[in-house]
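Look at the two complexes coming up: subunit A is in both, with subunit B in one and subunit C in the other.
Presenting the complex of A and B:
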């Protein structure tokens, strides 16, 4: 009965959604949580009570938010208004997702917030709140706030005692978002006059040397993550911390602190200028009710709504008038962040900016965790930047390709028609073809529409170049770029061959471990006299039942430098904790451990099934002949296991080859993209390097070709092994 | 079989216990995060919580939306409906296709089987853009049925392979005998073949159920109504831009994983026999 129940539930669920209201609500999408979310709910409630237009809110997981917007809006099924950081504005603009803010009055907002939303002289979206970094100071430990870096440097030695786990300052030093302030403070510029990113500058070298100095003198913790900064500051073990407004909500109630602007760099006289992020209410370019949508976006960015967002949501309003309100002005956190934001550099909303993150992360980590000298890091970043910044290949004419397709079609039909007639008519050779078609039709239809068509589209896309929402036909240029490994040496991460080698190693190591652990367990468990057999089997199967993104996040936590259980175990055993993601070998090992944990149960179950199908008499006969256990295993178990295990091994190897979640979530490609495999590389080209879909599709096609070769090879293996067994 | 010595048994037990501990350790870690009162991480190798609170579970299970509706309940229902319907649809399609591939002769059969395997090789992340467009053309966006169709078809290749492998192992004589007794081909399929294939059906059903139950990117992209989000989407909300609410995430992860674990437990007897991966030829 169960399936029918489920169907009935499905039908009711479908029926329930089509109840049209009187006034259709405006749709507003966001990724807020907690206080910020309730503030937004209140603010839109105010809008509804004032205008009578209902607003429907949709809260999305941050990870899936951008992809959803870029998919939904062009199809006309997106929101009327959505809230997003301003950094992606240029992308949204290029894909025609956002409309100019027609109701915006510049004087309502802080000038740098409006500037951040300008593209070619037009302002897109209404600035809601500011996000930038400031200095959190534990007032008990630091009575006098350092106003310059020299003052900071004289303060730090007394506040730090790394052996006791105390640090003068804590912040996420490996993240460029946090480092940018130092870069600008040391007079570095991120972009040259032509608007291209430049990394190999004096400011870069000096800022890196400064931070490296802090780390070498052990004033700041190494490899700090957000979780570490929080716990250090809450325990009083970090006297100061650099973080954003969101940090205030995480500070324990017994810590006395104040927030001040970042100090001035003594050498240059410039303040440390962090990036300014502007949370913005954008009006969708495809909104059917543009006027009402503009009104809503403007409403939530100003006046009463901005008061609610400041007091309930603890946001830093971008609206000037908000600061005339007593409750906002007297809120020390908000006014100090407002003060700190004065010096902040609006993060450029250009496409160039999106290309900067990956090279900068590489340079920062190379200096702080690897042995690279600060003055060499700029060149390192520069090279990576140039490799990522692909120039649009020249357009190719699609004519030869269309001609080729035509020729193939023609040749194919000629071949079919001219083929000598079969000895038996079609009906005689395939007596049940009609019945087969009836049985296959539903599955084939589903597969054709939702699997094979997308697949063909993916193949076709590899011949195009995608930039800013437009596709241009480039023929094989993407493949040529990849295979010629343009812009980087073959032996470096990011080259196709390096990644391929890593992927093959990854697949091989994993499959070997899966199969051998699975087989070992199956051998131990097959003995029917073993007590508690069922219990063991259930316990050992658990990893298979856990969704693999949860597994990945769980293990990522276990490998955490400061809080991970693995390092906890090492410390308990009197060993040094390991920094897992700074070296290729340990990062790769972390990935392998995770994937082995999640993959061995499948092989164990397959092996158990296969072992059961081996007739017991064979072993008894062997026993009579005096064969040892090892001989029995080698001569009976292994050969008879092979035909059953091979298909599982093939399937397992294909799955491992494309095991995106683990690589992406556990090591994230660290260090420097070294542990990325082909799939995660394709993902980065598609979604993190300015949406180069065509290039990513070319990567996917190459993955596909490699696997196709592998399956052809294994098919021969299977055939051979079934011939041996008979 | 000769009875193994007691020492040998003890050694086997010791080995298995060790491996079980290694397997369970990360799971205990998640349990600990879910039960601890803090929302962060702490450095210790001890996988047992020092203080226990059900606060995270309470917050996850009782989450309501702005209108005061019990969102968790609706999301649970949506998850059950989606995963259940995916199982039914996927299994129906896969069973008939696998039977045809196992029993009938027709042109393109080998090619078809290979084509199924081939679809597993193209990275799924890039299929999203075309799938979105297709669903919109079919007017199935923002509907649970669209989601069910996508899940069911993406799980099909594995399901068909597994079932076909199992059907291949069933002796044809039984079917021939039924035909002799006057059963129609459809009756043979439903009355004779399907009951014999029960273990493989159970495993395949479990697999389709898991596919639908665990997925979140597609669900978050295709659905526009928070009360119809599936549970993994709700879970992912605890992973924010600037911080992760570890306690609630862990509690949610346990809630999401529990039904799948229960199904594994219930079906584990079939699991061993039913997972052929296309190869056990008895």
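Presenting the complex of A and C:
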């Protein structure tokens, strides 16, 4: 009886698999929140009620989203449909993650939206909504909206009063996403005919000169962040702002505003053309039910679904028909943005595009914060671009390596086998090995997973070159490139040696300051007559207790050129405010100040403990012998502190050497990567310069080698000084 | 600068006038006047907490007086820091600099005063030789024994040729044999250097053997100062009498009755030279002046016996209290025996009833010397 039952169940299961999977839900992934998410739920609900096919939604956090897609789809466990912006299309296409939009009809959508989704003549994905920059205008302060840049320039003086902190216009001037519109409006192009990025153009120079002019005349704030723009506009201290649809949700209710398209550049007659972002519904190339997935993707991009997304989600629909609907037409925000988007250029979806950001950031910084002339900035960006766009190293044969590994393994096994047998078998020598292993297992497992395996993987990866999802073996080419400083001079910030020098200087300066300040404060605190000792101790430990990235962000804010507390203090003292992040020395100093604030409590605590272990009698004996306070410090305190401070100094030096948070968050490597240390440089190669994982891994291996040498050296130091106090 | 060690000690007398010192609410030194002559070896003794170490530190300058004046060589030094007072101190725990070799420890004070290197080297050599440290010069303190560290600490003081040497219980961390040996060395050192030395200890044997004069302190006040035997034979009050000598003097309450003193369970004849006495007195009898006899004024049961080889002490419970008495080698005494005790001739010390003043001391002194030498 039993075997028949089992067989019957098995057949049923198989049968269920074979039957049309109408009943199983389609999987849709997205990164929406709030209103946009509710709109999507409603839209897919409409699909289900129409077709009977259920849809299972999954909301993902934005940072991990792309990585998850890359990992899941090729293994067949990804979504059927996913929503993403269009910039990554080339990457998705190269990694074979997306299928062409088979059901798409071009006339349903705005042309530039469809254009954005084209690769080699084929359209991948269904355009859902548009994102571009527009001009937000405070209607109370600006009754007539400027339509040209000349009109803008006429308006701005009356609206600006930099001493009172008021500006006619506020936007994130240092971000290329915002500057692109000006570049195109001044007739500049980002790519040449062959598709490579080209920066040294007339349009680039003119657009930079224009923006620099605005800043010099103090019509726009310096070093503006999104948060600053928002607060200025909401306080009424910025009459106009340039931002995207997301900004609408951040405006205070008491501000009356309009959204209009960006003005036309008077010199060229071209409108300012910001980048257009198209949020797209992609169909996975590995979907088991392609037809239904295509139907779903198409559905949510048109018709009722589109209306719901516009009204509930406040999105700007990409389909033409939506604008015939009354609710959409009458929504001023949506139609304003639609108007503004009319002149937007789709952000190119090529790989080249991803390589443009860092050079442009450099150029903008150089012009706006540094002293570079607008005509020269293009060349600057060009050089950086060429340095970053590494020539692909030639593929190497892994055979010699495998041969080496084989030989080592062979030699190792021969050595092991030829060793004389142990006098006692292993079991007898270590009878408790099982129990010992049980105690060690959890920690060993943790170490293996968190330290050893990643290390081995990194080591291996340094021998490969990664591009668009493909790894190719290149042997030691990465190391050679780094150490030969290929593509840039040794004295340039991108060079390994420059960065190494900066890192060493960084570690040295910091440790010296930490120890000096920590020791000084410990000497002050150890005096038992000092009242409120407990209070002082707590106050000094707080820097240590606050998470260091919060500290870093606080200090970064304090170093802001216009609104920072440090410059405020300098001005109050009658000094000139300093532009902290435009010169290496001041940017480095800002980093050092922040890290010192963070680092001295550790040294102080170690020193305090060590000081309290020195018997008071030694000082008395020295006093009677004739030693002054200073001599006592030099001849008694310092030598006796050494055994305790030395390990602390070694530890501190290694921590500081790899202090990523401060460098990344405070100076951000400015100016031009000058204050980047080895570890932040490696990070950029891996995650900001087109995923050059192999190169970054090679960098990391070199960092490891440097620190290994340092540890060996310091181990000898500690051994030498360990026999002092008996 | 190359003169022998014992030459430059003019103006090295120490004078303390009206010294008072409190720590917080606790008065430690309550008014001390003391004069230490040039080349003297003054030992300050007393129980723990009596203020002797504080006084030493006040002289060194490690503490500041609340009231009073300290003079060294006639110069008032109240406001002068330790390093300028030209004193050297040997600490109880030696306070050797652990990170320096013996040579560097010895030379430290000299290098601070910027003496020429040759001078420093020669002085260090001399002192190392004197204290038998020559073969230890390159060692660090943790590689030395207790006695060796002691000598390094002393050497460090000697090499500086200060006006005054201050010793703060330097032998208390040593074992008995070493202590005896070091005591001898200290005495030799004093003879050789002829320097003014102030020495603090709670050990009365050290006081008796090392001092030219002994100063006894109790409760922050000076009880008596004088040559050791003076204090032993003619203690100024009950405290000094009970402090010096081991086992301690026996004290018996008594009242005058005719030609004798009567106490609980005993009567002792009153000495002839005694003037009019108050009715109630405190009698003092050293154990060395009492013998176990077949018939005597004091009687009791033996509570404990200490046999020391050539003699012994019996601790006898009498009606008047616990009395210690000496017995010779040949005498057999056992715990639980009933014994009689009798004083040798003219052994009676008489104190006022509250013990604060001495009224009479025995005339014979020579025979009492031996007891003082018994090791503690």
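We take it that the second predicted complex is superposed on the first by the 492 of 726 C-alpha atoms of A that agree within 3 Å, B and C clash if a C-alpha of one lies under 4 Å from a C-alpha of the other, contacts with A are read in each partner's own complex, and residues count from 1 in each chain.
Methods note: a contact is a pair of C-beta atoms (placed from the backbone, for glycine too) under 8 Å apart; a residue touches a chain by one contact, two chains touch by 3 or more.
All of these numbers come straight from a predicted model, not from anything done at the bench.
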Subunit B versus subunit C as contact partner of A:486, first or second or both or neither: neither
Which superposed partner A:547 touches (first subunit B, second subunit C, both, neither): first
Touching partner for A:626 - first (subunit B), second (subunit C), both, neither: second
First (subunit B), second (subunit C), both or neither touched by A:639: second
Partner chain in contact with A:555 - subunit B first, subunit C second, else both or neither: first
First, second, both or neither for A:618, with subunit B first and subunit C second: second
Of subunit B and subunit C, the chain that contacts the larger number of subunit A residues: B
Set intersection of subunit A contacts, subunit C complex versus subunit B complex: 620, 623
Footprint of subunit A on subunit C - complex, ascending: 60-62, 81-83, 87-89, 91, 93, 95-99, 108-109, 112-113, 140-143, 156, 160
Subunit C contact footprint on subunit A (complex, rising order): 615, 617-618, 620-628, 631, 635-636, 639-640, 723-726
